[in-house]
Amino acid sequence: MRIDLNADVGESFGVYQLGDDRALIRCVTSVNIACGFHAGDPGVMRRTVRLAMEAGAAIGAHPGFPDLQGFGRRELNMSPREIEDVVLYQVAALAGVVAAEGARLRHVKPHGALYNTAAKNSEIARAVIAGIAAFDRSLAIVGPPDSQLAVAAAGAGLRSAAEAFADRAYRPDGSLVPRHMPGAVIDEPVMVLERALEIVRRREVTATDGSVRSIHADTICVHGDTPNASIIAAQLRRGLAEAGIRVAALDELP
Amino acid sequence: MRIDLNADVGESFGVYQLGDDRALIRCVTSVNIACGFHAGDPGVMRRTVRLAMEAGAAIGAHPGFPDLQGFGRRELNMSPREIEDVVLYQVAALAGVVAAEGARLRHVKPHGALYNTAAKNSEIARAVIAGIAAFDRSLAIVGPPDSQLAVAAAGAGLRSAAEAFADRAYRPDGSLVPRHMPGAVIDEPVMVLERALEIVRRREVTATDGSVRSIHADTICVHGDTPNASIIAAQLRRGLAEAGIRVAALDELP
Amino acid sequence: MRIDLNADVGESFGVYQLGDDRALIRCVTSVNIACGFHAGDPGVMRRTVRLAMEAGAAIGAHPGFPDLQGFGRRELNMSPREIEDVVLYQVAALAGVVAAEGARLRHVKPHGALYNTAAKNSEIARAVIAGIAAFDRSLAIVGPPDSQLAVAAAGAGLRSAAEAFADRAYRPDGSLVPRHMPGAVIDEPVMVLERALEIVRRREVTATDGSVRSIHADTICVHGDTPNASIIAAQLRRGLAEAGIRVAALDELP
Amino acid sequence: MRIDLNADVGESFGVYQLGDDRALIRCVTSVNIACGFHAGDPGVMRRTVRLAMEAGAAIGAHPGFPDLQGFGRRELNMSPREIEDVVLYQVAALAGVVAAEGARLRHVKPHGALYNTAAKNSEIARAVIAGIAAFDRSLAIVGPPDSQLAVAAAGAGLRSAAEAFADRAYRPDGSLVPRHMPGAVIDEPVMVLERALEIVRRREVTATDGSVRSIHADTICVHGDTPNASIIAAQLRRGLAEAGIRVAALDELP
């Protein structure tokens, strides 16, 4: 049994710090770096790429809507053509920064409202994939299992990886409880580990109503914006290892 | 005798149109495409790359200060580290768009206030070159002759090309008459051609006081923001050809 | 019989010019000035206020979504609280510029996607009105007739004015044909005048299927982004006057 | 003996938090609220205005260069006309938010690089003052003592208040040690209090070389971006009171 742990990082901007990337990056095997549209800036991107390389984490791009004030969490009604172009731009910019530091970009995971929209809307999903495929067809696509994004990736011949969340509550239909609702975020380390083990070992997740859904995950996301994010991540990684589960980046998975 | 003709293009943004790129690009042999910081956006960049490919023009990046409201014409006191990072980001983004369309980025010319600052300030010049060199050491650097930018390019082992202006007035010290002063811009096609011939054939330019300066130019810039820009450019290209001068992109020059 | 003619102006940004405000403003009795979020900048706003004062046009604010790249035409899923705050900010900024020039702000008309959303969505409509009412309860609200925006204005005790379009095609249900569809924009001066007369005299508008809808309008919008906008506007104003209709700003209407 | 204590607040943006405004505002008598250009956004501005009203602090505007990524700390070479317009816009926007909450704007203090430039450059100083005076001639101007900003305020007939820093090191010429140099920021509460007492009681400040300069201050700035800012501020206010100094907003000073 094996799993990748991923985290969204590089979300600081100018003087504004968000999360403790240095600590968090050491606990995961893959990172998704913001590309300057919903968060991040050229300097933050470069420093984050270096942190990821030092920690040996696989580097991915985390493109989002051009909405810094809303942190990419507000849906913006862009046309598929516009979506394709902003995704291409962001992935290319980050890939260049990664190359400048001597590494290689490995995957792409859309951010926030773009992630959610691409999961459900096939036209937007195809636009996201078109932007990525135009740049580099070897990139893996990270998204929710059985989503329109995964369908679009397969249709275009790109690999995709299914992501689950051990620190977010699931509704019975398999969707996440929205962030602003009570109980949406799980920040108790022991509980996060328990849920991760449920996902990896039993391929299941318990929803808010107690029902159990089957789920397939290649990677588990660790959020960095909870106050004790790096502690949760550290305990999660240790706990998975102690449970005999191999934690490794997607590329190293079979 | 030979020369490259270059134009700054892709400076539209969203609904805002600037210049008639379609007509202008057909008249030149190299284009410098804005990268989304002082002008341009991901969609404009992609459409402009396509226009350049259709016209057979060599494609370069035109990075600028992050100041859309000032169109990159206002100096911004960024640190060398910040300059390096924003140049790397912009060049990488455009290079990715170019690659997505099946072409290759060939040169970089800084824009506006960044061009002027990098021409005079050795520290900023080295920062610009560092950002470019980190991404791709085969890119040619376009800037003023004998500038700090050319010195920094040589110091880092990058090729550079000297640029002259046939449609801008020169002061006796070799600097351009600032844009807001009367007579700064020359928009009479015959006069632009005359000055271009003076530059290419005699390697000289006549300054505002009538004095003649020697100048070396590998490329002549054709501005696109004068109302009749594409007419000037068309007449310039034809006039140069009729004078027996070979007009070709930098790469094709010996 | 009387009517107000209004135009959206001040939509230039930095070096980017949009429309011929100087000519257009002279043809209308009210202007809606962009506030720097979807278009406009502090300098453009001030110059446009001066043009309006010279022409004797009533000045209104034209707040939009914070999306310069999309020109405020893409819906952005902001919360009601966020909507209220960005409307208040934009209206206050423009009102201050107007006061600095010695005039007074008279009305507010939301722009683009914010206009469309506030027309249909009661929660967003109330948020727009809350932002305006918090600043100045004497401002008139311009929006579509019988819209949620008008309902919210009435609920909060603010005056509102109904707007019709003589240069846009209507669908049988009374909504406008979306901008990207063929025939959406009517740019034939004679036809625009004919439709305006139909709206003012008969209180009717003919839809795309030939059916006739009753419509009440206090003001007719003249778009400035068609190439011959100021010609259309001039002919419209003259034609209305020749038909014996009084063209005057909202405040001067009974 | 009396003094005002002021703090720069409202510098958060979207999801990005900066400083602990709630605690800091309770310790000072005047606040300078960012206006959305170098920091702050419409929602942050409104919440900060409310916090200031709850704490009974006098509210001022803190306009800066339009450079969120550089937090307004990088000089931007704007023309005097542009400076005037962005200052007017920002002051008007904040004044409107303040009025919407039922309070009144009392003063303006330029931020960061705009503060430093306006202190030394008479043309920029006059532009800043012109933007403020056009909006409301009753606003007090906060700036360094004996600066060009104070000269310009006096020339335009506006009141001004001199500001000193108890938590920043002074050079022998009376300028502040730049922020990036060692020892620039003093974060030891006892030392900050000591320096404040020296400024208020003896009208003197000890420079980095041990020399003593005379200084006149109507207000002392408490920075909010040091980790223990609110603790420093609380001890400073208590210490001043215990020393028999009256701490009150500028308007209440004679």
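As written, the chain order gives the labels A, B, C and D, with residue 1 at the start of each chain.
Here is the rule we use: a contact is a pair of C-beta atoms (placed from the backbone, for glycine too) under 8 Å apart; a residue touches a chain by one contact, two chains touch by 3 or more.
Since this is a predicted model, take the numbers as computed values, not measurements.
Student: Which chains contact both chain A and chain B?
Tutor: Common contact partners of chain A and chain B, which must touch each of the two, are C, D.
Student: What are the mutual neighbours of chain B and chain C in this structure?
Tutor: A, D
Student: On C-alpha atoms only, rotate chain A onto chain D and read off the angle in steps of 5 degrees.
Tutor: So the angle, rounded to a multiple of 5, is 180 degrees.
Student: Could you put a whole-Å number on the gap between the CA centroids of chain C and chain D?
Tutor: 39
Student: Between chain A and chain C, tell me the centre distance in angstrom, where each centre is the average of that chain's C-alpha atoms.
Tutor: Chain centres of chain A and chain C, defined by C-alpha means, are spaced 42 Å apart.
Student: Show the residues in chain A shared as contacts by 2 or more other chains, in ascending order.
Tutor: Each of 41, 69-70, 82 in chain A touches at least two other chains.
Student: Building nodes from the protein chains and edges from chain pairs that touch, which of line, ring, star, complete or other describes the result?
Tutor: Basically all the chains touch each other, so complete.
Student: Can you check the complex and tell me which residues of chain B touch chain D?
Tutor: Residue list for chain B touching chain D: 66-67, 69-70, 74-78, 82, 113.
Student: Which positions of chain C touch chain D when the two form their complex?
Tutor: 36, 41-43, 45-46, 81-82, 85-86, 88-97, 99-101, 134-135
Student: Which residues of chain D touch chain A once you look at their complex with the stated criterion?
Tutor: Result: residues 13-16, 18, 41, 68-71, 225 of chain D touch chain A.
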